[in-house]
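What follows is chain A paired twice: with chain B in the first complex and chain C in the second.
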Partner chain A sequence: MITDAFVEAGRLLIRFDAELMEILALSMQVSSLALLISVVIGLPVGALLAISRFPGRRIAITVLNALLGLPPVVVGLLVYLMLSRSGPLGVLGLLYTPTAMVIAQVVLITPIIGALSCQVIEDLHHEYDAQFQSLSVPRTTAVLAYLWDARYSLITAVLAGFGRAISEVGAVIIVGGNIDHLTRVMTTAIALETSKGELAIALALGIILLSIALIVNAVVMILKTQAKRMAYV
Partner chain B sequence: MHTLSIRKILLSLVVLPLAANLAMAESIIVQSTTSTKNSGLYDYILPIVQKETGLTVNVVAVGTGQAIKNAERCDGDVLLVHAKASEEKFVKDGFGIERFDLMYNDFVIVGPSSDPAKVNGMKDVTGALTKIANSKALFASRGDDSGTHKAELRLWKGANIDPTGASGQWYRETGSGMGATLNTSVGMGAYVLSDRASWANFGNKGDFKIHVEGDSALFNQYGVIRVNPAKCPSTKVQAGQKFVDWLISERGQNTIASYRVNGDQLFYPNAN
Partner chain C sequence: MSKTQPPLLPISTHGLSLTVQGRALLDNLNCHLSGSGITLIMGPNGAGKSLLLRCLHGLIETPAGMVRFAGEPLNAEIRYDQAMVFQHPVLLRRSVEANLRFVLGYRNTNPNHTVDALLARVGLSEKTKQPARLLSGGEQQRLALARALACTPRILFLDEPTASLDPASVFLIEKLVCEARDQGTKVLFISHDIGQAKRLAEDVLFIHRGRVAEHTPASTFFTSPESEAAKAYLSGDIVL
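This part shows the complex of A and B:
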């Protein structure tokens, strides 16, 4: 079975199978866009939580960390109820579209980006706060300095978010509906092939998905290494 | 140059999903069942529908119970499922306009070749279920309020057996779709009720085969209903009607009849 799967994966890739490419492209699009939005929301929220002092801050951070355990199927259900025609946002007609899938993934991975970046920046803040205060560095400048200084650790946080987005099936299958040529992504295609008993094809798709994740991570790793090298020249 | 390419990538990320939304203009959503989907029927007829009517039909395949609930929340234009009583209630409650018989096939009981309950070759489904229950042979139930699940419960009732008392023992409710339940059954060697189409098109049969078939109680009727715009103003009335009209037309019925897997006809049209 495993051998069959690798052979099938190779065959699909070599043939440059049109349907596979379509599904793969949608997976990348949905998850990349979700990641982008999550970074735009999650990074500032994480940074703010890390450096500000307000009552309930500990609680806020605890809640954010707890959201790391948000089950995708629950996110899918919540987003479904919001976007359903009979739900509060039903008029937008977004259910069973790629946009709905992006929304679900944003809900799912923003806490990951937020919680991880909060931790990273909090550590830096402990280290530099006294120094920054003695130099009267404005808060926004301090945040930007932290973000820049922590960029390599933050990349890991972003990669964690991407990994979660590209690999989850529970949320996108509910809000996307796994519709052929419209909302079918790699994970929902894997679920479908499994339910058809086409286990070798399902596993082949899994191998391809994992390879894509590997390539993304490798590219980021190379860029990171190069950037670090440049920094020390 | 560098920033331009990044901007292009970002732009395509934003525009493409939006474009996909716009492409929905000439399309409808059909709430349907895993059995019709897994059987490959839609993959066969939908390109023909697209060619002949210009309609893009997007199928959401879930259990019949969930499909009806989704349609009641107005998340679909057409309902195509197989649980006649629930469908008639859907219409009676005002969610659907009119129910049409569309096609039928039949349920079969499949199980391991070793046939622990010795039901192979039986036609009488009531007798077969009684033997399975008496021998406490494993039986996997969909347990998901789907059309197949409802049919299975009706058959147990006909045999005067309440298997739910043995839930978790010899009676195993998977709470999953037809395909997932077939995978589970093959994995644990349990008998299972399946529609013939899903079974025929299933790729992970292991040593399983059909043991019980041919009883009139195993009849499996599919119906098609257009969602009522009075309840769901957003529903695409004309496009939905176009699809239903095509399905029950002579052309649509012949197309359904011409769908084959390994030479076998899986659905028998019977719209009148």
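This part shows the complex of A and C:
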């Protein structure tokens, strides 16, 4: 039975099965948009936390680090409560839409990108700070310089966020509802098809998910190797 | 350099003190540097030379004492007229030219300061595209000096810029420092190299145990030092 499922999964993949491709496309769309939003929020927040000095900074960093371990189902629940008809954002009618899934993933991965980038930039700040003070580098220029000079390490942080988003199931199933042709993404589809005993589709999606994880890691490794050769990390 | 700029000399400190974990790193340090040219700051390790430079440059705030430039406390404008080269150069994780372009991008006050001109000046024209951190120690220090000179500083702080460098790099750095001096830049140069001090110094500030042990013209310092610590230092004894 397992062998048959693998063979069928291979067939589905080889012929670019329309249903699989639709699920893949939606997954990539949702996670990419969530990643983009999280990068726009997380990187500057991480950079500012790393280089600013204000009362409560350490507490803010501790909270951000604690959010790294946010349970996806809790995030899903919170976003659900916000978006449900009786919730504060219920009027927007976003529940069970891809937008709700994007919101949940943003909540989930922004702390990852923020906390990791904060750590990376804080290390760089220790190294550059006296030199930047000496050169009277304006604040905005300094932040941009940190982001640029830490780019290879930050890419790792960003890809870690993407990995988390694309492989997450708990939050998106709560706020997305796993509706066919609307909010069904790879992880929720795997969960559903497995429960239905449709192992071929589940396996095919699993192979795609694993391939994405492999590609992401390979890209990180190639970039890091290149950066090390140039002494840029 | 524009003649309308306010003067920055004399540089003076009064009662500069810094104690860390019960140890006085700067101990009521008073100095008055009124002459232009190159002032060599000498003294044994741990005497407080680098700390003094960092205080003058505003990198460290001292709990006691004051720093004055032509009677004015250090402020952003005065800091803008200063530059510092550290013993271990901190270069951006970029190419050689990108390191200079970074500074010139937001504070190019001198039209003669182009990336090409500055790199030619420090003998790095052939290394423009190389990652800065893959340069040799001497080349990195020359790039750091080029970056400092790109700021057109009126006061240049050099914290052992030639320590552990090859003679060719030392020669080039000394030449650049002399050029900067000739263009009117006041240079404060920390060195343990007595030969280098004799080549460059107009006056010597000798620091011992967080205090100025003596401040004399170079000719006097090397022929007849006043303090016992300086005498021992010049005669090659280990001064603690």
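Here, the second predicted complex is superposed on the first by the 204 of 233 C-alpha atoms of A that agree within 3 Å, B and C clash if a C-alpha of one lies under 4 Å from a C-alpha of the other, contacts with A are read in each partner's own complex, and residues count from 1 in each chain.
Keep in mind that, in the parts below, a residue touches a chain if its C-beta (ideal position, glycine included) is under 8 Å from a C-beta of that chain, and two chains touch if they have at least 3 such contacts.
Since this is a predicted model, take the numbers as computed values, not measurements.
For chain A, the partner with contacts to more residues, out of chain B and chain C, is B.
Of the two partner chains placed by superposition, only chain B is touched by A:179; chain C is not. When the two complexes are overlaid on their common chain A, residue A:95 makes contact with chain B while staying clear of chain C. When the shared chain is aligned, no partner comes close enough to touch A:4: not chain B, not chain C.
Looking at the shared chain after the overlay, A:36 reaches chain B, while chain C stays out of its contact range. Using the contact criterion defined above for the overlaid structures, shared-chain residue A:22 touches neither chain B nor chain C, since it reaches no partner.
Look at A:194: by the touch rule set out above, it reaches chain B but stays clear of chain C.
No residue of chain A contacts both chain B in one complex and chain C in the other.
Those residues of chain B whose C-beta lies close enough to touch chain A in the complex are 10, 12-14, 16-18, 20-21, 23-24, 29, 34, 38, 42-43, 46, 58-61, 70, 73-75, 177-180, 182-183, 201-205, 232, 234.
Taken in their complex, chain A has these residues touching chain C: 127-128, 130-131, 133-138, 141, 145, 148-149, 230-233. On the side of chain A, the complex with chain B involves touching residues 29-30, 32-33, 36, 84-87, 90-91, 93-99, 102, 177-180, 182, 194-199. Interface of chain C with chain A (complex): residues 54, 57-59, 76, 79-80, 82-84, 86, 90, 92-94, 102-103, 105-107, 131, 133-134, 147, 151.
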